[in-house]
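Note that the chains take the letters A, B, C and D in the order they are written out, and that residue 1 is the start of every chain.
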Amino acid sequence: MATKLKTAVLGATGYSGLELTRILLRHSRLEKPLLLRRPADNGGASDLADVFPALSGNGGYPLHTLSWPAMKEQGVQLLFLATPHQTSRSVVPQAMAEGLRVIDLSGAWRLKKEQHRAIYNFHDADSATAAEFTEKAVYGLPELNADRVANAALVANPGCYATSVILALAPLLKAGIVDRRRGIVSDSKSGVSGAGKEPTAKTHFVSVADNLSAYSLFTHRHVGEMVEQLGLTAQELIFTPHLLPIPRGILSTIYVHLNRKMAPAGVESCLRTFYSSKRWVRIFQTPTLPQVNFSLHTNYCDLGFCLADDGQRVVLISCLDNLLKGAAGQAVQNMNLMYGWPEDEGLQ
Amino acid sequence: MATKLKTAVLGATGYSGLELTRILLRHSRLEKPLLLRRPADNGGASDLADVFPALSGNGGYPLHTLSWPAMKEQGVQLLFLATPHQTSRSVVPQAMAEGLRVIDLSGAWRLKKEQHRAIYNFHDADSATAAEFTEKAVYGLPELNADRVANAALVANPGCYATSVILALAPLLKAGIVDRRRGIVSDSKSGVSGAGKEPTAKTHFVSVADNLSAYSLFTHRHVGEMVEQLGLTAQELIFTPHLLPIPRGILSTIYVHLNRKMAPAGVESCLRTFYSSKRWVRIFQTPTLPQVNFSLHTNYCDLGFCLADDGQRVVLISCLDNLLKGAAGQAVQNMNLMYGWPEDEGLQ
Amino acid sequence: MATKLKTAVLGATGYSGLELTRILLRHSRLEKPLLLRRPADNGGASDLADVFPALSGNGGYPLHTLSWPAMKEQGVQLLFLATPHQTSRSVVPQAMAEGLRVIDLSGAWRLKKEQHRAIYNFHDADSATAAEFTEKAVYGLPELNADRVANAALVANPGCYATSVILALAPLLKAGIVDRRRGIVSDSKSGVSGAGKEPTAKTHFVSVADNLSAYSLFTHRHVGEMVEQLGLTAQELIFTPHLLPIPRGILSTIYVHLNRKMAPAGVESCLRTFYSSKRWVRIFQTPTLPQVNFSLHTNYCDLGFCLADDGQRVVLISCLDNLLKGAAGQAVQNMNLMYGWPEDEGLQ
Amino acid sequence: MATKLKTAVLGATGYSGLELTRILLRHSRLEKPLLLRRPADNGGASDLADVFPALSGNGGYPLHTLSWPAMKEQGVQLLFLATPHQTSRSVVPQAMAEGLRVIDLSGAWRLKKEQHRAIYNFHDADSATAAEFTEKAVYGLPELNADRVANAALVANPGCYATSVILALAPLLKAGIVDRRRGIVSDSKSGVSGAGKEPTAKTHFVSVADNLSAYSLFTHRHVGEMVEQLGLTAQELIFTPHLLPIPRGILSTIYVHLNRKMAPAGVESCLRTFYSSKRWVRIFQTPTLPQVNFSLHTNYCDLGFCLADDGQRVVLISCLDNLLKGAAGQAVQNMNLMYGWPEDEGLQ
């Protein structure tokens, strides 16, 4: 068997970082990954099991301080970033200079258009370099960009909501059957892990339990990804996220008008054809619709739909696990593409 | 003080029936209500505390078998029906003949148009009488129909989802500022008590917890109420209900295009003016939006909105407690109107 | 009608403070209470509805900075403290000097014995005064200490767990039928609001949901209250609290050995006799046992039990709402006793 | 590689049956298992994905009717029963006659003593045969009975609560350091999947959410297993199960008095020594305690403890996933022992 790949994870102590680490540990093509604290966490825990006691009893998961020479010495070739956006923005130029390939789970490199990027308010030490990597970064949605991911040095792993919405809409939009002038609505709902591990008034159990709330109306940062990848104008898509009283999972209910009358079989065929060879998208057979818990703890994005009697109004349902297909699972799927491995290695 | 009113509740053992009973027991204008089992439950519990042990220790809540002579003897003047649709359809003609006023929490008498009623598949013993009461029944949404409710013999208490959607949309539609050709979407989410007390695979804890699911796409029974009350065609409204992993509460996220550019203050003014003298609708000040738990255990319908930068796309958020403003609370509000009492009597 | 009482609430922005404020607002014997920020929150919200938007739309709930002259000017006679322990410890001497009566919801004045108090590590500016008020403070468990509460200047409102355990055990212990040498176990479980409103890693939704955890084994601060009020030694009681994935409510499962064989009727009679005239304790009839949600949103403490076939081993179940009978409701019950009002005024 | 084993699962449509099927499908030593409907479900779904849509899109999982000739023809050698107790009681004699080895997840064959078995009220067609298999059946708790499991024809897979309690207590009891006369208490809490998939009033979401309830006090069926395996008398153990508002997971809080003073290190050493070579029991280092979600979706039983200052009172915390270590995972662990495979095959 070929030599195994050495990877590192910067930010293993967040929710996505933990899921990622778990997958990397059981991935047959990898050495045990090097786990690095976020720069802001230095002085913190020295073992990942101290942060997540669920890992106890399986031996150690030592956490190290980021050090480029140490990475080189250990032969790290691929670096995962499960870090805040600005941290990723700062770390990537150095990582590139070190000759590493990078899969970044943050929003730092996902957006090509300045108008979309503005919402992040990035501070770049060297704006020319930042512009260069912004240009080079490949948006890591494997179902759309597999070829470019395979050869990428820097993969910008998509946002969880964005993955959910783009995968549902891409087949219909690429087929040219959507009446875009009528506008598209994605009413999306996410579990709380999507809001990150930081304790806030918003993530307090008592605030979330027995509740549902909408937030970031017309202003969510993932909208930029959606419109860029789908070729839409900002006017053509309304995206409303909601906070669900569940730990993980996303369901997007997406409203589309077709520009012609179709039968349900036509719509289903459009979806099935688009994803015919794709391992991690499941199309549900009408009238069964995906539910959040069908794809939990898997790397699937589940798609279903219902067509109105008029043959023109479609409601799409798109579900995924925000920590897997919406983050860590998709990152591993991208790694598999980058190294020519089966797309489901480590993800079954 | 004037003589107190004697009421009866048929179906006190369901979720709405229990909430209703609790309110009636503390309502200052009422005698202790006569509690009646649903006909299908005869032979069942003899006291409501046997069904809901939470009521224990406050004295008895005897459950009786429905008997018209007994009701007459006890001086019952107002009958609440918290019964399945078909039961209400069967019971009302007799109740009317007995000279009772009726507030029916079921869907039996809400719909004027046969095309909407068809979905219920009612079986009427006497179709002429049924048609007569269908005609006479007043749709008991107090914020829209207060005058007619006041004089009604038969009030059809609105559906929970319908209340949520109609109250959000009525101000904009009546003001004529909605571009109806663009279509209206209501993406609504409800707690599990809305599905009733019957144990089913769908209401099993393990099916609902950590989950979210959409259901009844394009086919929910409350759509008829919405379009009849709002004067819409079925084509103009898409309604998608979802089952939330919470016991109670509804949040509707409603998407509307305006037929002119407006400022947020204009939209807010439209809502505030419409509900200026209404006790049980709260308009939230932008950018604060209602959340499900703000109105839980109250009779409020909470409304908020967000207007896109283009001044034409509006997202409305409408929240209420499905067992109160969506059922029992609204029934009491209707009773208060019917007897000329303050609209919040028993509901504070 | 007599002049209404003017009260103030220091710390209205916490969970208990909010519940308390809600009750005081609808209490028939009171003027609208004066709402005061915690000293640490000055500069914070100016209206309680900004902190709890659920209060929106009912007029204003202005929050003021603590000022003794302003309280005097407004005629405040009774001050509720819903403050951290040390804050209460600091504020009470001044309040007493101002001639106010005080009901303190914190743990500052509950414990008579230094050995129990040590766990709080109080810092008193004037230790003689502190000792004096420690001595004078009445432990405000109305079912045990009604007479002393009635005349108290300073009421130390009990802890939520302590209320749950003491009310269950007092009847059996006072009847002398417990074999204390065998040891008593209280395995108690609480909703998350008991941990306070501060966002922490422990109260993050993702940490609590789908989980259960035990904490503070052998070291919880409420044990001191339990043993002092019940006349036990620390060795005779093991208390284990657990964090439940629910917003509110406590269930204690309590294990006791009797020192003689008894029949279930004898145990039930012991409980019923002890609480025969008590409004806010409900004894459930065997074999029905209380559940957490029976007493939610009420001021009841619900008690039930099961006796083993051997007639000596008893399991008691004790349930209450930690924010009501375990905090704000009990505080109002104490106020009612202090002013000679019906014990359920404002609490029905 | 050796020929793969052919297995069958009777009752794949229940919660445990589904978990079991999922593990068997990915187990490297097995052919695809033959999935059989419970006899009572004949005429039901023809594919497991119809019952659990989460399985969709991975190819078919056909469900068959139980047929002994068909099993023989397909070369089935090992039969798993995920069936109601009485069904297992009826099916086992035939399976034994067919020469199959059986792992039964029900309670049918766990109890050796008639006095404990009485609670099940089994009806045996042939009482001599039933007595024979009752005698031959091996209680399949691998950490205690590995050798006997290895050679068993019929393995009675333990109850979920029983596994949790026995694994926590066995080390201390076998070491002879427990003062049994003081009595042992296990206060246990389980998620709702432990109550099975049948929709009932008790498993309705609205009954369980925001709630906690104790049940089956002194009468739970798993007590027989606990006392038989631990060598206790019924008087020496009180077991109280509670229903938690979570889908899965068990936490037992267990109270023990030692018959001598010990240091924490001594207790920890007792636990660690007992489980030193056991793959699926994790001992947590004081003061860290297991929580329910640490072992979810794993086959671990997690143990931790706290010792009082007096060195004699111990509280043990035992957590596991009721569907894995408490059912399907343990069944696979037993299979691994029966066929000489690594104990964690299929379970990592």
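Heads up, the rule we're going with is that contacts are C-beta pairs under 8 Å (C-beta built on N, C-alpha and C of every residue); 3 or more make two chains touch, one makes a residue touch a chain.
Predicted model only: the values in this text are computed from it and were never measured.
Between A-C and A-B, more C-beta contact pairs are found at A-B.
Each chain gets a centre from the mean of its Cα atoms; the one farthest from the centre of subunit A is C. With centres taken as mean Cα positions, subunit B sits 40 Å from subunit A. Distance between chain centres (mean CA atoms), subunit B to subunit C: 37 Å.
A straight line joining the Cα centres of subunit A and subunit C is 46 Å long.
In subunit B, the positions touching at least two other chains are 209-210, 245-248, 291, 293. Those residues of subunit A that touch subunit B in the complex are listed here as 182-183, 185, 187, 189, 209-215, 217-218, 235, 238, 240, 242, 244-249, 251, 253, 255, 257, 289, 291-293, 296, 306, 308-310, 313, 315, 317. Subunit A contributes residues 15, 192-193, 197, 199-201, 203-210, 245-248 to its touches with subunit C in the complex.
Against subunit D, the residues of subunit A that register as touching in their complex are 26, 53-54, 56-57, 209-210, 282-285, 288, 290-291, 293-295, 297-298, 300, 302, 348.
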